[in-house]
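Heads up, the next two complexes both have chain A, just with different partners, chain B and then chain C.
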Partner chain A sequence: MSGNSTRDTQWPRFELFQQEQPGKPHVNVGSVHAPDGEMALLNGRDVFVRRPECHNLWAVPARQILARTAMELAADDGWLDVPVPPDAAPQLYRIFQKTTQRRSMNYVTHVGDLEARTAEEALKLAQRRFAAADVFVWWIVPAAAILVSDEDQVESLFRPARDKTYRQPQAYRTLSQMQEIKRTTPT
Partner chain B sequence: MSEAAQLQQFEERIARGEKIEPGDWMPEKYRQQLIRMISQHAHSEIVGMLPEGAWITRAPNLRRKMVLLAKVQDEAGHGQYLYHAAETLGISREEMIDALLEGRAKYASVFNYPTLNWADNAIIGWLVDGAAIKNQTMLARCSYGPYSRAMVRICAEESFHMKQGKEMVIQYAQGTPLQRQMVQDALNRWWWPTLMMFGLPDSESYNSPQLIRWGIKTRTNDELRQEFVNELVPELSALDLAVPDPELRYDEESGNWIYGPIDWDEFWQVVKGNGPCNEERLRARRQAHEDGRWVREAMLAYAEKQEAGLVV
Partner chain C sequence: MSPLDRLLADKFLALADDELILAHRNSEWTGHAPILEEDIAFANIAQDELGHATLWYGLRAALTGEEPDDLVFFRDAADFTCAQLVELPKGDWALTMMRQFLFDALEMVRLPWYMESQYRPLAEVAAKIRPEEIYHYRHTSAWVKRLGWGTAESQRRMQAALNELWPYTRQLFAPLPGEAALIEAGYLPDLMRLEMDWWAEVEPFLTAASLTIPAFTKAAVISRTAHTPHLADLVADLQAVARLDRQAIW
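Right after this comes the complex of A and B.
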C-alpha cells in the first residue's frame, strides 16, 4: 500500500486560468497536480475544458503566486516592509482580483499587468493602479512563471468540446417529454 | 485580536453572505468539518465512477456509450475539483487518496450497491444524480469559497447526468412489458438507497445545527429528502411506475408525499463495510491505482529529465 512517504501522487500544484475567447480576461478555474508545466496544461484541459468554451489556458506553479485576501492584508501589514533585494531587477507581474461575492464557478480574474522588483512591491503598486470598490482577494503572478497553451493547438485541444453536444443539458428534452406524457395520460 | 473577537467577525461575515477564502481566519472546527465533508464528497465522486463505469463496454448503442463515457469522465473531474478544494484547508490529496485506498475513508454508501443491468444506469442517472444535485445545489451556497465554486461547477455539469438518466427511464417506461419490468426492478432496488443519500433524519443528525449556523449547509437532510420525494412521486406515477413503498401517501395539509420508515440499520451496515459491494469497490480502486503506477512513474521520469535539460 502506498504510504504518505512515497509521494506517489502529490506532485506540485498548478493554478489554471482559462480564457474563453480572444480579448476576454483569463480567470482562475481551479488547480491540478502535475509533475511539470506541460502535463499541467494537459491535465487542466481534461479537468476544466470538457465543455466549451476555451481559447487559451495558463498554468502557474501555485508556489509562485502571492495570494492575499482583504482580511489577511487588514490583519497583518508586515508584507509592506518586505525589503527589496538590492539586485532585484524589475519584471512583469500579472494582477488578479476577486471583486464580487456572487456565486460563481471561477475565482480571481486578470485585471492587468505592471512592472515591479518583487511580488510585494507589485501588490503595493496594484492596490493603487487597480483600485476597486471591493477587492476581496489579490493574486500577484510573475509573468515569467506562466505556461501558456499553444495557439496552434486551439483546434485540437479545445474545439472538440463544441461537438460534444450530448454533454449539455439542452440536448435532452425530458421536460417537454414529461409534459406531453402528463397531458395525454388519464389521471 | 482575541479569538472571541475573531469568531464574532467570522460569524458576521457569514451572516452578511460573504465567502470565507483560503488565508482568511476560520475556527478550527469549521476547517475540520469542511475537510470531513469535502473529502468524503471527493471520494464519493471517485468511487461513484465504478457502478456505471462497468457498463461502458456494454452500452446498447454508440450514443449511449458516448453519453455514459462523458458522465463517468465528469465524475473523475468532480473528484479532482473537490480534492483540490479540500487541499486549500491544509490536507493533501495524497493523504486523502491513501485514506480511501486503505479503507479508512467514508464515501456515499449508495455506491456500494450493484448495477445489475442497463436499466440501473437509467435509474441511477435520474434518482442518484438527482438526489446529489439537490444536496449540491444547497452546497453551492456554502460559506467556504472553494467548496462553493466546486459545487457551482459540478451542478452545471450534473444537470446533463440527471437528464440522460431520466430520458432513458421515459424510454423504458414507454417500451415493451419486459423493458417496463426491467426499469421497475431497477427502481425497486435503488429507491431506498437513494433516500438514504440525504443522510440521517434531522433528529439524529448532530452535526447539522452548527453546519447550518456557519453557512456550510443551508438546509436540513429531511427538508431536502422531502423535496426530492415530492418531485419524484408524481413523475414516476405519470410513467406508471410504482414507488416501492407501501406506506407512501399524500398529505393534503402539508402538500407532502409522506414516505414509510427508512431502514437505517441497513444504512449503518453498508456504512460499516457490509454492503453488497464495499469490498469490490475498494478492490477496483486499489487495482486502478496500481495499474496507473507505471504511468505516474513515466510522467515523473520525463519531468525530471526535462528539468535536467535531457529532453531534446
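Right after this comes the complex of A and C.
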C-alpha cells in the first residue's frame, strides 16, 4: 500500500450513552469508531451492552460535543466571550455532568436539557440551572446530533444479553476447580 | 422412535450443524477482524450462532438421547450434515459478510414459519432465536450495503464474494430425504415457499447495494452427505482438544 502515510484512516469517534431502564438518565459508557451513526449504535451495542442491562442507547459524534473540565473552566474564561452568530437559532442542548470520582466505569451523566443559540451559551446557562456541589466535567451536546436506538428494537438489541449467563466469569468455576486440582495433585 | 421423530431428528441435526460450522468459521476472525469494534461484534455473532447450534442439538437430543457434546466433538466429519455454504474458508471480509448476510436472510424468513410449527419445541426455540437474528441481519445488511456502495475495490470484492457463494445457496432449500412428511404434518414450512420469501428479501437488497446476482451455471449439490474438502480440516481443528482426553471434564 503506497500513499500518504500521515493520512488518518481512522473512522470518526462516537461517544455512547446507555440508559439502563426507562426513566433513568443516560450515562456515558465509552466511545467507538464507526463510519456513521447507525454503525456507531451497532458497534456501541456490541462493545458496551453485551452483558449489562440496557433499555436505550445514544451515539454522538465526538466532534459535536463541547467538553470542559472544571479545571479548564477555572483556568480560561475566554469561552464566555465566544460571540453568538447573529443568525443562530435557539436549539435544544442536552447537558451532561460528572459529579463523582467514585465510579470508574462511567464518565458523564445526562442531567437535563435547555435551549440556547450556541454550545457556549448552553454551558453558561447550564452552570446556573444545573448547579451542583462538585461538577468535575461538563458536556454540552446538541440534541439534533444524537442518534437514538429505536424503542421497538429493545427486544433484538438488548434483551438477549440477559439470558447469556455464560458470558459472566462466575459461570465458569475456574477458581474452585483450580483449587480442587491443586488439592488433589501430589506435589 | 416414530418415523416422523426420526425425520425431525435428522432435520435438527442439519440445522445444528449449519450453525456450528458457521460459528466456527466466524470465530476464525476473532483477533483478526478489520477493526476492534467489529472484532467484538463478530465474535459476538459467532457466539450467538454457537448458542443456536446448542438449541438445535438439544432438540435432537430430546428425541434420540444423544449427548450434544458427543455429536460435536466425537462425530466424524463425513457424518456432519451441514450445507457446503458454511464449510467454505472464511476468505476475505467481503466473503464472510456476504455469507453471513445470505444465511441471516434465511433465518429472517424461516424463523417466523418455525414459530408457527405444530411441533411445539421447534416453535419455542425459533421464538428464542429470532430476536438475535433480527440483530444479526441488521448488522450484516448494514455492512453489505456499505461495502456495496463503498469504493470500487469494496464493490468488486463484494461482487466476487456473491459470485462465489451464490451457487451454494441452492442447497439451503433442498429437502432432506423424507422432509415432505414433516411439511405434511405441519412441523416445517414448504421449502419452495421459503425460497420465494428469501429471494424476495435478498434480490432487491443486493440490487440496491449495487450488486448483481449471478446466474446458476451448473447443477447444485443437493445432498447434505456431500462435503467440500474444507469440512474435514475444520472438524479436525474443532475436535483436536476434546479428543486429546475423552474423560476430561470441562
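What to note about this one:
The rule is simple: the second predicted complex is superposed on the first by the 158 of 187 C-alpha atoms of A that agree within 3 Å, B and C clash if a C-alpha of one lies under 4 Å from a C-alpha of the other, contacts with A are read in each partner's own complex, and residues count from 1 in each chain.
As a convention for this text, a residue touches a chain if its C-beta (ideal position, glycine included) is under 8 Å from a C-beta of that chain, and two chains touch if they have at least 3 such contacts.
Keep in mind it's a predicted model, so treat the numbers as computed, not measured.
A simple residue count on chain A separates chain B from chain C, and the partner touching more is B.
Using the contact criterion defined above for the overlaid structures, shared-chain residue A:131 touches neither chain B nor chain C, since it reaches no partner. Applying the stated contact rule after C-alpha superposition, one finds that A:71 touches chain B and leaves chain C untouched. In the superposed pair of complexes, A:159 makes contact with chain C only, with no contact to chain B.
Of the two partner chains, neither chain B nor chain C is touched by A:144.
Once the two complexes are laid over each other on the shared chain, residue contacts for A:35 go to chain B and to chain C alike. By the document's definition of touching, both partners, chain B and chain C, reach A:46. Shared-chain residue A:89: touches no atom of chain B or chain C.
Judged by the document's definition of touching, chain A residues 11, 32-35, 38-39, 46-47, 50, 164 lie at the interface with chain B and also at the interface with chain C.
Note for the complex: chain A touches chain B at residues 1-4, 7-11, 13, 29-36, 38-39, 46-48, 50-51, 67-69, 71-72, 75, 98, 101, 103-107, 136-137, 164, 166-169, 171-174, 177-178, 181-182, 185.
Against chain A, the residues of chain B that register as touching in their complex are 1, 17-19, 21-25, 63, 66-67, 70, 73-74, 77, 80-81, 84, 87, 92-95, 97-98, 101-102, 140-141, 145, 148-150, 152-153, 156-157, 159-160, 163-164, 166-167, 170, 235, 238-240, 289, 293, 296, 299-300, 302-304, 306-307.
The part of chain A that touches chain C in the complex is made up of residues 11, 32-35, 38-39, 42-43, 45-47, 50, 153, 155-157, 159-160, 164. Against chain A, the residues of chain C that register as touching in their complex are 35-38, 40-41, 44, 48, 51, 131-132, 134-135, 138-139, 142, 146.
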